[in-house]
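In the two complexes below, chain A is the common chain; its partner is chain B in one and chain C in the other.
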Partner chain A sequence: MTTLTEDTGTAAARETPARRRPRVDRLPYLLLLPCLVVVGVLLLWPLGQVVAMSFYKLDSVRQLRGDREWPWVGLANYTQILADPFFRTVLRNTVLFAAANVALTMILGTLVGLLLNRLGRKMATFVASCVMLAWATPALTGTIVWKWIFDDTSGLVTWLFNKLPDGLSQALFGQSDWTGYGWFNSPLLFFAILTLVVVWHSFPFIAVSVLAGLKSVPSELHEAARVDGAGPWKVFWKITFPLLRPVFGILVVLSTIWDFKVFTQQFVLAGGTQDRPTFMLSIYSYAEAFSPPPKYGVGSAIAVILTLILLVVTGLYVRMVLRQEDE
Partner chain B sequence: MNRWKRLAPVTAVVASAAMVLAGCGGSGDDEAADNSKLTVWMMGEGSDAQTKFLDGVETEFRQKHPDTDVVVQYIPWLEAPKKFQAALAGGEGPDVTELGNTETQGWAAQEALADVSGRMSGWAESKDILPDLVKNAQLDGKQYGVPWYAGVRAIYYRTDWFAEAGVQPPKNWEELVAAAKAVQAKKPGTYGIALPGNSELPFYSFLWGAGGEIATNQGGSWKSGYTTPEAQKAVKFWTDMVTVHKIAPPAAAGWNEIDARTQFATGKAAMAFGGSWQAGAIKKDNPEIEKVWGTFPIPGPDGRPAPAFAGGSDIALWQDSKKQDLAWDYLTVLLNKKNAQSFAGSLGFFPVYSDLVASGDYANDKLMAAFATTMQNTKVTPLTPKWVEVSRTKTVTQAMNSSVMKGQKTVEQATTDAAAEMESILNAK
Partner chain C sequence: MKKVALNGAGLLVALFAAFPVYWMIATSLKPNEEIFSTTPRPVPAEPTLAHYREILTGNLIPGVTFADFFLNSAIVAVSTVLLSGLVALLAATAVARFRFKLRTSFLIMLLVVQMIPLEALVIPLFLMIQRLGLYNTLPSLILTYLGFSLPFAIWMLRGFVAAVPRELEEAAAIDGASRAQTFRRILFPLVAPGLVATSIFSFITAWNELIFALTFVNDQDRYTLPVAMTFFFGRDDTAWGSVMAASTLFTLPVIVFFLLVQRRMVSGLVAGAVKG
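And now, the complex of A and B:
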């Protein structure tokens, strides 16, 4: 009793936060609740359904409706996909494309971010607005415009190549007449153009994020390094990169996720789901599930495989980043 | 940004609530299963002429069913598969629907359409419908759709350029190449023929013209005809137009029929494949072209016109409809000979009744004459619901031709691979 009376002051000081804590703790969850409900209903539930569907043989809309039973096939959809040699092509396309695009997007985005940091205010605003326009263009419209640019008869690129001096064009490419050239004919060229479109769409986000990171780096650090005689290359790798490592980490993870599931740009450039040699996982899943005759089970299984690959890739990467930070 | 993030869940909740409410509102149709309303889905955007025609059909139909209101909804062609899938999944569909005749078997296999075999045999006018078209709407011997109108492809050409180059519409394959080369020489910067390398239907005319077959059913198992010398001859000719004769550009390997037709409409090509119904679209791209165009049937190798695929539309009853008697009555009014002829004509198609095609006055029409000739000699693609997978999903024929045009495979390799893939799909259990 005595100790308690003696200690009221400190006890109260200790108790106040303790008493407040339940209220403070519950509120964020209450506020989050609508969001969680939406995420649950619109994201987790369909996700669970896709996983469930991948274990059934589903090839009729009437099954989705519940008019027909769902025959359980276990892992048959997965074994069928993994045994198909076409899956290897698709997987190779997806992984190579994602790797190339993440690398190019990161490099270009970082360079533009660094540039924006060095520019004066007016010029920075101008360049940033131009860059943001590319980002603000919806994927669908942007890609349609790119498709026109590469049109085989009236496209800008065809016109430019036709403007090359005939001799030069002949020496470089072995042809001087580019009218009617099939820009999307070979898978390699198709992927090159697709990479151009996707990188064009996604580097602005990287640039702006890197710029935001750079603004938080104290300029004294850079000045000090420069005074000590470090060139721009060294400054970047010794000062900027280590300080911005978390930013780069997040950006690489996001880019990986985005570039693994590119769909719109490919669908538009390829003109639908006809160009099978250039399939990647997302369009493969869509084509299997929804092209007639529908195979919802197989399509779901491909989607699950894509999700698993993404989880593994990003999981490994996040662990790597976290570990580096601990060191 | 932050404000939007905070608003997003609210918007989503409101939106989903709205969808739920809308869904509830829409399900009141079951009680209305009385005959006060008949829902009809038509494909396309619905021109004034079509609306007026359908109003006339409704008036005629209501003479027998005065209490029924016919509600026509237009579905864009490209939207149709999604709309059908949604209707089938949700259980809220039309009573009567139009659908492309290449899709009827596929939707019949999905149990979307009602079996009308019995009703059809009791309907006298159906006896005159072209037999190929009737067969094309069957699955396992049962009738799931009734042909409404039909059309075939021929070749559109520039009469002025042909005159300048001094060539006549070609009658065989050799003349086709010669005419294309002559025009190309006279008109630098144009293509002799806009070849849709990524489409299958125009190619089938060359395949059938050479005496080849896509696939034949031999005692319950499908055998692809692509490895025969006739088929390989057709593939060789079709792809040689790009790779050897160079009367079409390399880009043609990726062109579909619309891409190719646009080359013709915009004055970039002397010839293009097209159906009679596409005349309107070509004119829309270039109203002037009407003065300088003509058509001729797709030639065979030997001087006779090649057979063509009979495209068009079927009318079907929706399997989930509770008013099938009423729907069939509407169908027989819509498809009676008088209405069929007036509607097909207004669209640039042909009626499906053999007597009407034969007696129609097409011989003096500078566009329709070639199509009318070809209508006498039509063929259909393999009659199995699995065909749609070969044709649309795996695009076996298109890929075969494109790979040869792109120089990725030889004719022998490409045809062998395509035949194997086709057989594995058609014979899958």
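And now, the complex of A and C:
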């Protein structure tokens, strides 16, 4: 592997003095051309386009096809959204959900990473393989299975709650018969289950990354600290965490980015875009644009707001990566 | 004692992580009486392939079978892989083998572009697809997924290209091989394993995607598998056996592919993002 600046390469060094005058090699640019076209047309242009669309009143597909005028409305879409109390609900949902999920994913992932590092070889391989299964499962089918586990008649969770002694269940929840209980009906419970699904999907990546980081740390340090009588809590905060700080930084930023725009899991768990009280920014933007009546302009404005939030987080991420590259 | 506690925790983690996958497969093999019983059995008492038979032979939607959706998904995913692999290989070679003015800027751009929330691009890409007259076609999805998978593919592949010793290519050049020959005979065969790994990621990206497939394709016979499953799943909430059988068929190829390349994933996202 090479670093960003190392590529002076032997070819340049071998050139004879007479030819040292730099000549512009066009080949690398030619090789990059297809990639630049793809990134430009399919990612950067749409990114600009979504900003542009957010300034227009776009209510029909015919406008998108170019059959009708695009009336310019300036910032009206934004003022409309920001004035809507529902937007505040959505923003609160998004931020709280992301914060809770990042925290839980990081804690569980780190604990599992530390655990994998301490387990014996066979056990570690077994646990890691199981963890990989959760990671590999597509968001769609993973969510479908969780939905089945929470099914209101034959679901495993319903069965478990029915198994609770009636008295205990009465005392704790005020009901003993859970058959037919709508696990997804209250927003809070919905978010709790969504959190379970998202954390289940995302903790393996954190665990494996933390484990990879731990393997690169010389174990003598930990042993020395333990010999000196430091407990596991102290060893983690005094030794492991400072050494792995860059890894943790990147993992937190990546998790934040991912958890801010959760879509598939929510879409499947809610069964579409009808469950407005549980909306978060990405599904809100989608529903405004594609649920009839279509409001592409408003949807774009919400997408821009989401992008701006993530842009700040991305800025942090790029700075972190570049700083490591310098080291 | 401590060892027992650690192993116990390990088993709990393994159970939590793997259980849903197990439960998906187990449910898909149970007859309906077992599925809809109020006391679930941990292991199918009388395993049956009835749900698979039903999925594979029946019509999910009049005139359209599971195999048709599978084929749509495969066409989209394989086309994405081929296009993305080709473009990424060229770009990765440029970045790993040449030193040019805008190289660092290009790498930073790749890093930033990977962070664009794709969910925010549904509307403008929908506009583009409408304008290009690609609405309701599979190529609309191939194009979209090409854009999504490319930045990461380049990021991953450049490590593989850089790992090929430059001396090999120089030796070939001294022996009079042209640049194209060097690329084809020396670099390409050595990078091929990396290309396979990269392709698997592009494949998984395209195979799993739901939102764009849901939005850009209207005719049911052109649905990809995820869209068909959402449709199928939303329509009949009670056919859990068939839903789990379909989910299993959809998931297994992904898990197999994923396990083949998961190591690269971590280095690609964390270590590879740091050095490469």
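In the analysis below, the second predicted complex is superposed on the first by the 275 of 327 C-alpha atoms of A that agree within 3 Å, B and C clash if a C-alpha of one lies under 4 Å from a C-alpha of the other, contacts with A are read in each partner's own complex, and residues count from 1 in each chain.
Rule of thumb we're sticking to: a residue touches a chain if its C-beta (ideal position, glycine included) is under 8 Å from a C-beta of that chain, and two chains touch if they have at least 3 such contacts.
Being a predicted model, the structure only gives us computed values, none of them experimental.
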item: First (chain B), second (chain C), both or neither touched by A:Q324; value: second
item: Which of chain B and chain C A:R65 touches, first, second, both or neither; value: both
item: First (chain B), second (chain C), both or neither touched by A:S291; value: first
item: First (chain B), second (chain C), both or neither touched by A:Y181; value: first
item: Partner chain in contact with A:T273 - chain B first, chain C second, else both or neither; value: first
item: Partner chain(s) touched by A:W135 [first = chain B, second = chain C, both, neither]; value: second
item: Superposition-derived comparison: chain B or chain C, residues of chain A touched; value: C
item: Contacts of A:V247 with chain B and chain C, given as first, second, both or neither; value: second
item: Partner chain(s) touched by A:M123 [first = chain B, second = chain C, both, neither]; value: second
item: Touched partner set for A:I239, first chain B, second chain C, both or neither; value: neither
item: Footprint overlap on chain A, comparing chain B with chain C; value: 34-35, 38, 41-42, 61, 64-65, 153, 179, 271, 290
item: Residues of chain C touching chain A in the complex; value: 3, 6-7, 9-11, 13-18, 20-21, 23-24, 27, 35-40, 86-88, 90-91, 93-100, 103-104, 106-113, 115-128, 130-131, 143-144, 146-147, 150-151, 154, 159, 162-163, 166-167, 170, 179, 204, 207-208, 210-211, 215, 226, 229-230, 233-234, 240, 243-244, 247, 250-251, 254-255, 258-259, 262, 265-267, 269-271, 273-276
item: Interface residues, chain B side, partner chain A - complex; value: 9-10, 12-13, 16, 81, 85, 88-91, 103, 106, 109-112, 189, 191, 198, 248-254, 256, 263, 268, 385-386, 388-389, 392-395, 398-399, 406
item: Complex contact set, residues of chain A against chain C; value: 1-5, 7-12, 25, 27-29, 31-32, 34-35, 38-39, 41-47, 49-50, 53, 61, 64-66, 112, 115-116, 118-120, 123-124, 126-127, 130-142, 144-146, 148-149, 151, 153-154, 156, 159, 162, 179, 200, 204-205, 208-209, 212, 246-247, 250-251, 254, 257, 260-261, 263-264, 267-268, 271-272, 282, 285-286, 289-290, 296, 299-300, 303-304, 306-307, 310, 313-314, 317-318, 321-322, 324-325
item: Residue ranges of chain A in contact with chain B within the complex; value: 34-35, 37-38, 41-42, 60-62, 64-65, 152-153, 179-186, 271, 273-276, 287, 290-294
